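Each of the next two complexes has chain A plus one other chain: chain B in the first, chain C in the second.
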Partner chain A sequence: MEKVLVDLKNICQSFGDFEVLHDFNLQIMENEFVTLLGPSGCGKTTLLRMIGGFDSPTSGEIYFDGKLINDVEPNNRPINTVFQKYALFTHLNVFENVAFGLKIKKVPKNEIEKRVMDALKQVHLEEYRDRKIDQLSGGQQQRVAMARAIVLKPKLLLLDEPLAALDRKLRQDLRYELKDMQRSLGITFIYVTHDQEEALTMSDTVVIMNEGRILQIGSPEMIYNEPETRFVANFIGESNIVDGQMIKDKVCMFEGVQFPCTYTGFSKNEEVDIVIRPEDFLIVNKNESKLTGRIDSKTFQGALHEINIIDQNGTELTVHTTKDYPLDLEVGLTVDPENITVMKKPGVNIYTGVMEEDGYVRISDDILLETDSELEEGTDVVVRILTQDVLLDDIDESDFEGTIEDIKKRDMYYDVYIKSGDKRIISSTSKVHHVGETTGIWVKKEKVVVNVEEDLSNE
Partner chain B sequence: MNDISQVITQDTKRIKKLKKTKSFAIPYLVWMGIFLVVPMLILIFLAFTTYDFSQNSEVHFTLSNWAYVFNSRYAVTVFWPSVFRSFYVSFIVTLICLVIGYPVAYLMSKLKAKYRALIMIFLSLPLWCNQVLRIISWRTIFEILGLNYNEFYIFNIIVAMVSMYLPFMILPIYTVLEKLDKRVIEASYDLGCSKIQSFFKVTLPLSLGGIVSGVIMTFLPSLTSFEVSDAVSYNTVLLLGNLIHARFHGTGGYNIGSVFSIITIVFTVVGFILVLKVDKEGETLI
Partner chain C sequence: MKKKSVFDYLSIIFIVFAFVIIYAPIILIFIMSFTSTYSLSEIGTGFTFKWYESLFTSNYERLSIASKYIANIDSLKIAILNTFFITILSTIISTFFGTLFAIGIHSLNKKKRTAFMVLNNMPIVNPDIVTGFLLLLIFVLLQTLIGLERGWFTVLIAHIFFSIPYVVLSVLPRLNQIDPNTYEAARDLGCTRFGAVFKAIIPSITTGIVSGAMFAFTMSIDDFVITMFVSGTEFYNVSTWIDSAMRRGFIPKSVYAYNLIIFLIASIVVQMNNFLQTNKKRKIEVVQE
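Entry: the complex of A and B
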């Protein structure tokens, strides 16, 4: 069977008060091309640096090939890195750069010559062996960085946004070269990028991250076709995300129109998010669909037309077609059942409360939370906190405490039901907790959403 | 296409801007002309003639000034031994500055910004105090320590010069080390280097430009310094600078003094050519 090469267990990392990685668990198989994808600041580079040995986690374990490597220095790890902006040695020429690691390992001279030339051949730079680094283009420097890493035949290659500094055309060419290289060398690649196109075209597995957590793991097809959260759907390609309901199994409703879909297991009339890719909408005659709209604007994008349609409810929908339509045309829209993705709405805790001094809000006798709100003291408010933003921690680190009453397993996480005084709060977490445990609870102040009570009726 | 035309328009804009601001350089160019080029011409003129300012004598072309410096009893017994002594002292001073200065620069580049600033203050604080005063205080220190005797003079000169020129060694090295991309160092670890290997194979070669600048910045001033030896050795140890100083300070020695100066300038120019060979962009020169 497939062998686990890298095993990350409960990795946490904080810089001061800022939590970069939150209880992170991930297994990477041998010969896998794994991409860590996420916006900047999501913790992906930090994670890569930990595997490389340049940072250590605040807590948690890193296993490589079955061995704990938390305390192994980077020079003793059979792992090599292709750094962002390449980090080449400018005092050495191309050949010497690639030979650097072999010389350190005291490989015999004739073998160095052979291996370096093989590596340079692999990246099509044999003729540049005597060039200085500053005489190379960006793309060539990137290839030298690759050659310098693969010449050591590591079991694992880490790549930190290696194509980010190159122009578009070159980036596309190099993607295929990288993928080919990974296959032919049989090396496991962990690739960090914020470019979703790169992630989808090259990887076997994509790990989508945000704010130090995994949002979804899966093959590129799975991630693209079945995003589990609004964030993933938005981050991977363009999407139309609209509010909807599950009327019953295999029937959903959005924009006031019922559509057949493939999803089951939701409760009756459950509020959901509906995701439809622009290319999955089909434009038909106005009388052939109940969902109709007017073409508001369009742009020609080479292979396709991007058309913005304002539908009967005034919602803007984006459609990609190969055919051109005139502006202001009234059209109908249909979508195949298998192209409708239904997502659970993130859980939310709702309370009533009263504002106190300095932006604090009182929810109960025990619960006083800091917020960003500038509302006046004494204002009656409604407080909303997403279950995923309720963090469980040591009691002394936290805002208040509670007892765990129940735990429900979801796909990627647990919903933990906690009683604190006379209030209940739900936390969605990937960490394992136990019923009956007392836990500290805290919420970042920017995650506490406060609305004046009258506002609610307008929604 | 679009990108290229954009770059071109940006460039033309930059050139236009350059033309506008060019006139700001004129005062400095005038200054350079008056106080650098003209004195040089006067030096050359004096070195090849018998002209004496104080007596406003007739001008005769001669090579005798040069003959005196290269072929005379004075040359053999005083001038060239002093030149040799100057090189010897400067070499030792530079070496000590490098050995002490590099680790300080390295440490500084690793420290947090606020500690870095603190060391920077320590380094520059002595420079706020008058140089002559600092030299005289060294003389007092040596007197207190009982080192004001003949056999200690060279040692005293070296100690005082090191204290004088150390910042000029540290600063250029620090500038280079501070700019060094941390990822390049990490890359060396990644490729199997221990910390020590990484230092000698990557950090040191990449900071060579700073070292050369630092060496020039300490070597040249020590070569031409006269105040230190003047004060610390009670003008008994003669260095190149003392000889030049003596010629121009008294009367009638301008012609020979000019030859001394030209020889010193030749040393300096050779030094700078060496710097430019190593450090092509001149980024480490302050």
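Entry: the complex of A and C
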């Protein structure tokens, strides 16, 4: 029943050495409202430009309606785009702008008139047909850009942050209009934004991207309620993310307190990340919960109060409530089991080391890593490196080398166990390696997390 | 009332002085072009329009112009026609190519764009005497290679050559102002590569193209040095003609008439341009309010 309209297969794109998209796969259904959401520089606009035909991928295939369209010129694609700053033609008036595409397609004159007026009616601009573009407000220009695109009846409409240049109130109104328009026209929309609110209110499907990869795909509800990674949890709305443990199935522990939850299938005492939305914490009497804290600060935000609570371990938790509480009050916090999200921790390599001069940290006789830390020379430190940040490369290009001892297959990647001198390091990678191979190993300096040794006892 | 200091008087004197320096020659030409004597130094012996008429008629007897000047006036008229022929043609051609070059340069990445701008600006910063001499060398070479005679064609080529950089310079800023996605928007709406340039980009940079054309026009119409080098022995524009007439010792006062006409046209164009610019600015301000 549901038909795949756009199919992106193994798309890679790099500009020089910089990899913008990394082996990107995505299917978009007919009549879907898909939002590509991510911070700037995550590759979402590049992806949109490829679908529109303005860039071509370094490798990979783009299928539209079952046909490979990699080499089809943009003017021959049944796809239209609403650009970020609208790119209206300032030498033409509103009517002529909307009629531009129809004239190029040599549509008969009386039909142009009818279709342009229909499109202008859709965006409530019939009365502005003879206006010059520079006599319109930002919101009106945005509507002209919409009309100019939909008048051609494309199968797919690409929108590149079309609301970014507008003020907040207008943005909110236009969101509903866009969604209505998508429903009534029956056109597939691919919408690019970095505004998570926009993504959640309009989309059928949200694709969260970072650094050229998909982090999570799902309905807005799913993305919000069950973020799979720390990044998603942080990016979509505010979150409290704390370290925790799964004591057993359906019981987790964080801040030294056990809570019932809905998750199963973790190993016993597995270290996890726990995500709780600020609005899911309930403030109760101090003696009604084992998790207690003191109200440290609060801000009034109109519909709600944002309260920062320092709990018994000194961790700061953010709570949204509709009720006001006095400062410095000791309170208890509870949370419903279904509102606790448990995330698998990414693998981490932990070492002890010593700071050396010029921002280097020594882990062993052979291993010296560059780091952003500005700790003093000679400080004893704990070094943490996520397994996904350990990169394997040619020996010449690397910080140090090691021999692969073991490889374990995970869902989407491999954990590669490497021995280097007397140290072992784990790297999570999607590339295939072989046991016994010697490989170069390097870590970007911002990924080398260094803490003073005393801090460890706290965690 | 505040007492005027010596600097206030000085500044007034300075302004008056500046105006006199700039406008006295024009006023002088204005007066001379209406006096009927032949001598360039005599002023105020009888009012006449004959120098103006002489530019548009061949019936010199009715104007009672001395016969020794008639040949000169005829050759001046040819020089004027030459000037307009070269100027109009070189303006059209250099505006066309300059606009396309500007669009091409604009679409390059920053590094290449800077490199091309250096290449573009080279002829502008080069003294005319160097440009003229270099072009002469090239044309001499071409003469021996393919038998190209120096004349109107070499002058036209030279004028196109030195006008294009000015067109590029006036079109580029306008290109920077228009929406960076204009070309892509046109492609998106169904234009071919060329269609997008001619239907979307060029119409939105017309102001830049017009000012570029005006630049090219003025550069070409008053060029002396480069034309001097590349025109050969037979071909004159007004500037080179005046130069050679001065050597021979006669200049008919028709030259004054011509100069004044050009001056008036230029002032009208400048005034109109000013008027259009301020009008446009006012309009934009109204919209922004």
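Note that the second predicted complex is superposed on the first by the 348 of 459 C-alpha atoms of A that agree within 3 Å, B and C clash if a C-alpha of one lies under 4 Å from a C-alpha of the other, contacts with A are read in each partner's own complex, and residues count from 1 in each chain.
By definition in this document, contacts are C-beta pairs under 8 Å (C-beta built on N, C-alpha and C of every residue); 3 or more make two chains touch, one makes a residue touch a chain.
Note that the structure is a prediction, hence the values are computed from the model and not measured.
Chemist: State whether chain B and chain C clash or fit side by side on chain A once the two structures are superposed.
Modeler: clash
Chemist: Is A:Gly402 in contact with chain B, with chain C, with both, or with neither (first, second, both, neither)?
Modeler: Touch status of A:Gly402: no partner.
Chemist: Looking at A:Arg148, would you say it contacts chain B, chain C, both, or neither? Reply first, second, both or neither.
Modeler: Both: A:Arg148 reaches chain B and chain C.
Chemist: In the superposed arrangement, does A:Pro227 touch chain B (first), chain C (second), both or neither?
Modeler: The answer is neither, since A:Pro227 touches no partner chain.
Chemist: With the two structures laid over each other on chain A, which partner does A:Glu73 touch: chain B (first), chain C (second), both, or neither?
Modeler: Both chain B and chain C are touched by A:Glu73.
Chemist: Return first, second, both or neither, reflecting whether A:Gly212 touches chain B, chain C, both chains, or no partner chain.
Modeler: neither
Chemist: Which partner does A:Gly60 reach: the first (chain B), the second (chain C), both, or neither?
Modeler: In the superposition, A:Gly60 touches no partner, neither chain B nor chain C.
Chemist: Which partner does A:Gly38 contact after superposing on A: first (chain B), second (chain C), both, neither?
Modeler: neither
Chemist: State which residues of chain A lie in both footprints, the one left by chain B and the one left by chain C.
Modeler: 52-54, 73-75, 79-81, 83-85, 87-91, 100-101, 104-105, 148-149, 152
Chemist: Write out the stretch or stretches of chain A touching chain B in their complex.
Modeler: Residues 52-54, 73-75, 79-81, 83-85, 87-91, 100-101, 104-105, 148-149, 152.
Chemist: For chain B, which residues count as touching chain A in their complex?
Modeler: On the chain B side, the touching residues are 181, 183-184, 186-194, 197, 201-202, 205-206, 208.
Chemist: Going by the contact rule set out above, which residues of chain A touch chain C in the complex?
Modeler: 52-54, 73-75, 79-81, 83-92, 100-101, 104-105, 134-135, 148-149, 152
Chemist: What residues on chain C touch chain A, complex-wise?
Modeler: The touching residues are 178-182, 184-192, 195, 199-200, 203-204, 206, 284, 287.
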